[in-house]
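Naming follows writing order (A, B, C and D), and every chain is counted from residue 1.
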Amino acid sequence: METYSEMWKGAFGSFYFVTNTLSRATPIILVGLGATLAFRAGFFNLGAEGQMILGGLSAALIALYVPGPGWYRLIMALVAGILAGGIWSAFAGWMDAKFRMNLLITTLLLNYIASLFAGYLVAYPLKDTSGSAAMSQTKMIDQSVWLPKLFQGMSLHAGFIIAILGAVLLYLYMKYTVSGYETRMLGNNPLFAAYGGVQRGKLMLYSMIASGGFAGLAGAVEVLGTQYRYLDGSLSTPGYAWSGIMATLLAGSHPLGTAFASLLLAALQTGGMGVERNTEVPLEIASVIQATLILFVSAKLSYVFLKRRKARAQGGTIA
Amino acid sequence: GKKENNTAGNSTNTSNSGNASEQAPTKKVALVLPEKIGVNAFFVQMDEGFKKAGKEFNVEVKTIESTDPAAFEQNLRSTVAENYDMIITATFQAEDALKKVAAENPDKPFAIIDTVVDLPNVRSVVFREYEASYLLGAAAGLSTKTNKVGMVVAIDAPLLKKYTEGFAQGLKYTNPNAEMLINYVGGFTDPAKAKELALLQFSKGADFIAGASAVGDLGVFEAAKEKGFYTSGQDIDNTGVDPEHVVLAQLKGTDTVAYETVKSFAEGNFAYGAVDYGLKEDGVGLTYVTRDSQSPLNPFIGQATVDKVKAIKDDIVSGKLVVKNPLNP
Amino acid sequence: MVTPILLAALGGAICSRVGLFNVGLEGLVLFGAFFAIVGNYLMGNVWLAVAFAVVCVMLFSMIFAYLSIQLRANVIIVGISLNFLALGLTSFSLRAIFNVKGAYYDKNMQGLPGWDIPLIKDIPWLGDVLSGHSPLVYAAFLLVFVFQYFLFRTVSGFRLLAVGENPVAARSIGIKSKRIQYGAVLICGILCGLAGAQLSLGQVTMFTENMTAGRGFIALVATMLGQSNPIGVGASSLLFGFMDAISIRLQGLALPTHFTMMLPYVVTLVMMFFFKDKSYLAEARKANESSR
Amino acid sequence: MLLSMENITKAYGTVKANTDIHFTLNKGEIHALVGENGAGKTTLMRILYGMEKPTSGSIQINGAEQSFSTPSDAIRSGIGMVHQHFMLFPSFTVAENIVIGREPSSGIGFNRKAAIAEVEELSRLYGMPVDPRKKTSACSLGVQQRVEILKVLHQGADIIILDEPTGVLTPLEVKELLLSIKRLAAQGKSFIIISHKLQEIMDVANRITVLRDGRVTGVVDAKHTSVEQISRLMVGRDLVEMTRTEPELGAAVLEVKSLTVNGDKGKPLVNDVNLSVRAGEIVGIAGISGNGQSELIGAIAGLVDIGSGQVMLAGKEITGAPVRKIRELGLAHIPEDRYQWGAAKDATVVENGVMGHARREQRYGMLRGRSIRSMVEGWIKRFEIKTGSPDTKAQFLSGGNLQKLIVARELAQGTPFLIAAEPTRGVDVGAMEIIHGELIKKRNEKGAILLVSSELTEILKLSDRILVMNEGRIVGELTAEEATEERISLLMAGGKQA
C-alpha cells in the first residue's frame, strides 16, 4: 500500500514531480503518435527506435555544426530530426512497396542498423573530445539552441508543448481532412481504398515519412530539450520506442488517447523511481509492479472495449 | 583527465559547505547512480564503501539506481527536491545531468566519482585506469608463452580505450613481439557471447585473455576454466572466483573513494575541486603488484614477473615512465 | 550459439501459427535462463533444472495466454510487458534467492554435459563444429523436424494450422480453438524454457541480469523470416548464427566493429529481398474474407 | 417429424431477431426459409446449429428434447450447416477442408491419402465432383460451395442447413446444386434452405416458411403457391412490375479496344476484348464467373494491370491510369464483392459513404462534415437502408443493407459511366426492386451502365444489349429482343453464336 502511495507521489506528488512525469512522457507521446499514424494507415511500423536515434543524432549534428542564430539552428535541428526519422522510415516503406519486404521485419532490423551506425559516428568521427572524452557522444549543444524549459529549475521543456500540439493536430488531421480519411480507410481495408481511388503507394510513403518523422522528432526533442547532445544508448535504453508503441495500442490508435496513455506509462515509470527512492522496495520490483499494472490495464481496457462494442452492436440495427 | 588535474590529489579548495559538521548527527547523503548496480562490480564496490561510511560516521545514506539517462537526471533532481544534504554520483554518464543540476542548485554540495565536473559546488574524483591496464598488459607480455594475448571488451566505445590502449602500451613495453587480439561483445550483459569470443581467441592461440566486458567477464572466466587458459578480471579482486585461471585483477578503488567522500563530508573537511587517483595515489592497481590477494599467486604469472611489474609501477609512480592517456591524444 | 535463438524462434512460430504474435520471447527466454539456474541450485541436478525451467516458463506463458486469449488484451502489449516483467522479476529474485546483484556464478555448478558424436568428432574441423555440444543443441535441431512433422503431418498439427488460418471457420466445425491456442502458447513456453536453459546451463553456467541480450528479438525476426515454417525458421536461425560468427571474425579487420556487427542484420535484409512476402493485396483479401 | 423448433425467441438486447417461431422439418423434406434481409433466418439457423442460445423455446429431434451449446453438439445430433459466408480454409486442399474435424488418422498422423480417398468416394456417392488435391483458394465459387456441402455430408449430417447457397453460383452451378439437393433428399437427407431467389425455391422446396421481422408470416406448400404470394408474405406489399422503355442512345461513353489482361500462368484472363457502352444504355455482360469478367471490370476501373489494348472513357484515354483519375473522368463502380472492395468493415456508414466523394466534399482539404452527413442520411431514407445510425459500423449492417449503401454511394457520384457488378447479390426481393429501379433511372437519365451479373434473370431484365464472355473472350452479342435464357446459357458454356 505504501508502495502505491509512493508511486503516486513519485509521479504526481508535487508540481515538481508532475513536470517530471510530463517530461518523461514527451518522447513517448511523440513516438506513440508516429505509431498511431502508421497503424491507422495499416502499416506495422516497429522501427520507432531507429528512427528516433537517427532523428536525435541529426538534430544534434545540425545544432552543433550549422552556423546561424540559436532559434534558427533550433528549428533546423527539429526539422532535421523529423527528416532523418522520416527518411529512415520511408526506406522501410519503400522496400515494402517496391520489393514486398515485410515491414514488420525490416523496421525491426533497421533499428539495429541505425543504432550501430549512430554508435559508430559518436564513437569515432563525431566523438566529443572535450571533457573526459570517455563517452560515445557528440559535443554539448550550445545553450542558445536548447529547447526552452517551461519552468525554472524543472526538467519540463518546450518539447512537451510540441508533443501535445502534435497530438491535437494529428487528431484533427485524422478526423477532418481528406487525406486523414483516406489514411484511415487504407488501414481499414486497402482494397476498398484502392477501389475508391486512394493511391496506396503515395499515401504509404507519406504516412511512413510522417510516422518516422514523429519518432525522429521525439529523438530531436529529447536531445534538444533534455540531453543537449546525442549520447549513445540514451534514446534506446529508456525504451521510449516500445513505450510509445504500447501507448498507441492501449489507446486503440487514437491520437488523443495515445497522448493520455503515454502520460499513464510515464507516470508509472516516474512513480516507479519514486518508489525506489523512498521505500526499501528495490528498483526491480518497481519495474515488476509497472509491468503488472500495464498488463492489468491492457486487459481491462480491451475488456471494456469489447463490451462497448457488443453494446453498440446490439443497438446497431434497430432502425 | 584534463590538464588541470594532473596535480594529483590536490584540492583547489573553495569554502567548506557551511552545514558540515556541527549540526544534528543525521545528515542525509544520497548516492545516485546512473545505472543499475547489478551489472557492474564498479558500482557494487562503491555502494559498499558508501554504506560502510554511512554506518561508521552516523550518516543516513541512500543509494538510488537509475534505469537510463533520463531517469537518472530525474532521480538526481528529485534528491535535490527531497533535500539530501550531499549528493554523490558517479561516472561520465552522470556528467551532463550533474552539470545542469549542480549549476541550478549552487548551494548544494555534490560529488562525482570517475569523471570531472568543473563547478564550484562539485567535488570530482577520477581514476587513471590506463595506468593499471598498462601494468596488466605488461604482466601479460611477460607471462605469455604463445606471444598472443587477448582481450574481450564490452563495446567499441571511447570509454573502454582506457583499458584496451593502456593494456596495449604495457604489452608492447614488455614484449614487443606479442600480438594482441581484441573482440567486442556488443553489450555489457552477455556472458554467453563473451565466452564465445574468448574461445575464439583461445583457438587463435592466445594463452592469456583479459576480461573487460563487465558481467561478460564471467563468460571469459568460464571459457578459461574449460580450456585451461589464463584470464583476468576488472575493478575488484575477482581472482577468488577461480584462482587457477583468473590469475590477475585490475583494481579500481571505488569503495575507498566513496568511503573517503562520505567521511570527509561527515567530518567537515569536504573540499571541492578535482582530485585524481592513479597508481601513485593507490586508487587503481593490479593484484600482487599494488595489493595482495587472498588467492595465491599463480605460477603462470610467477613472482619474477610480479617483481618486474612492480618495478614498472614504481617507474610510473615516480614519473619516469609516462603512460599515455588514451582519451587525451 | 544459435540454439537459444532457434528454440525461441520455433516457439514464436507455433504461436504465430495460431494467430498470436509473441513479442514476449525475450522475456520468456530470460525466465527460462533464470529458473534453470535456480533449479540447478535447488536440486543439484541439471536435468531436473531443465525440467524446472520448462515448468516455470510454462506458468509464465500461461499469463500471456490468459491475457491475450481469454481477456483479449492486445498480444503485443502483453508481450512487451512480459519482457519488462521478466527483467524486473529475475533481477529481483536473483537478489532474493542468491543474495547477489547482477550475476550468479558458482564455478562448482555443473552445466549441461557436452555430448560427443562418435564418428564425427574425429573429423578435423567438422568434429569441432558438430560434436561436443549440449544435448539441448541436438534436441533443438531435432525439434525442427519434429515440429515440421507435427504441423504438417499430424491431426493435431492440422487443426492448429486451421485455427490460425480461419478461427471462425474452425469454431464452426466444433474445433476448440481457444484450447488449441492455449496449447500453442504452452508449447512456446516449453521451447523458451529450453532456450533459456541452454543459454544459462549450456552455453555458460551462470545467470546474469538481462543475459538474453536481445536474442528473443532476433528469434522473433527469425520466426518471421522463416514464415513460421519450422524448417524455414531453422534455416533463418542458422543464417543468423552464421552471420554472427562471420561478423565476429571480421572484427579487427578493416571495418570498425559497429559495421561488422551490422552484418547479420544487413544480410537478413538482403535475404528478405529474395524471399518475398505475400503481396499486401493477397493479405488484404484474406483479412476481408467475405462473403458473397 | 424429424425436427421441431418450438416457441423460439431470440433477443439481442432490445432487438428481437426471432419471436415465438415454430418450425418443423420432415425426413427427406426440403424446407425453404425465406424473408427480407434481417428477418431472422440466419439467426434461427444459428440457434439450431448451436452457435446461439435461444432466449426461450425448445428444439426436438425425433421427439427428444435437445439443447445445443456448441456446433459440436449439433454435429453430433446429425445437423450440419453451410453458412451464408464460406467457412473454408483457403490455403488447405479440398480434401483437407472436407475432412477437418473428423480426419482419418494413423496413430497421431493425419492420413492425407485416406482423406483423399474418402473425399473421392463421397463425391462419387453424392454426385458432386471435386478435385480433392486442389487448393480451395484456387477453386471456383461453385466448387467451394460443393466443398461446404461435402464437408457437412462427411460429418454424417442428416439435417443439412444451407444458408443462401446459391448466392454466388452461376445458373449452371445452381442447377447442378439443386439437382444434388433433390437427389440427396431422395436418399433420405433433410434440407433447410435459405434463399432470396424465389424462383429456385419454388423449383426445389417442398414447403416454404416465410419470416418477417422475426415472426413467421406463413408456412405454405410449394405446390400451392406462387412467387407473388411469397413476396407479399415477405415484404408485406405487392411488388411493382418494372416497365422498360426503349433506350435513347447517345455517344459512346466507354470504349474498350483489344483489351488483354495477362494471368499468372501465361494464359490471358481477358483476351482481345472490344466493347463500347453508349450513353443511355445498359450493356449486360453474362458469363460463368471466372471467365474474365472480374478482370475486365478491374482493368476498366484501374484496379488490374492491363497487358495490351486501350480503354477510353468519355473520349479520353484511361489505359493504365490511376483509379483516382479514372473516377474523376467519370467512373462509378459497384464492385462485385462488397466486403473485399466495396466497404471497410470497421468504418462507419458515413465513412463508407464518403469514399469517392471525399475529394468533392471538401474545402481546403477538410471534409465538409455536415453536408456529407446529410447526403448519407438522404440515401438511408431513399434506399430504406436499415442501420442503427449513420455512425454504426458497416460490419453490423446486413449484407443487403450494405449493398444498398454501396449502390447509393456509387449512383450519387453522378458520373456518366457506371460499372454495376452483381448489384443485387444476396439482396432480398424488396431491395432488389429498389436497386433495379435506380439503375433503370440512371440509364433513362442518359447514364451509360456496364452491368455484370451471373444472374441471368437480372441480365435479361435490365440489359439493352448483352455480351457473353467465355474464357476471357466476348463470344457473343445479343440485343434485348434476341436474348433468351437458353441462347445466353449456350454461349456462356462456350457454344458458338447461334
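Methods note: a residue touches a chain if its C-beta (ideal position, glycine included) is under 8 Å from a C-beta of that chain, and two chains touch if they have at least 3 such contacts.
Quick caveat: nothing in here was measured; it's all calculated off a predicted structure.
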Any chain that touches chain D and chain C: A
CA centroid of chain B to CA centroid of chain C, Å: 37
Where chain B and chain D are represented by their mean Cα positions, the distance between them in whole Å: 76
CA centroid of chain A to CA centroid of chain C, Å: 28
Of all residues in chain B, the ones touching two or more other chains: 36, 156
Chain A: positions in contact with at least two other chains: 119, 123, 189, 191-192, 239, 287
Per-residue multi-chain contacts in chain D, two or more chains: 340, 345
Touch relationships between chains, expressed as pairs: A-B, A-C, A-D, B-C, C-D
Partner chain C, residues of chain D touching it in the complex: 51, 70-72, 75, 81, 83-92, 96, 100-101, 103, 105, 108-110, 141, 151, 155, 164, 167-168, 337-340, 345, 399, 425-426
Residue ranges of chain B touching chain A (in the complex, touch as defined): 1-2, 36, 62, 64-71, 73-75, 77-79, 81-82, 92-93, 95-96, 104-105, 115-116, 126, 155-159, 162, 327-328
Touching residues on chain C, where the partner in the complex is chain A: 63, 67, 71-74, 76-78, 80-82, 84-85, 87-89, 91-92, 95, 217, 220-221, 224-225, 256, 258-259, 261-262, 265-266, 268-269, 272-273, 276-281, 284-285, 287-288
Complex contacts: residues of chain D adjacent to chain A: 12-15, 38, 301, 303, 322-324, 326-328, 333, 335, 340-347, 351, 354-356, 358-359, 362, 365-367, 369, 386-389, 392-393, 396-398, 401
Interfacial residue positions of chain C with respect to chain D in the complex: 153-159, 161-162, 165-166, 168-175, 284-286, 288-292
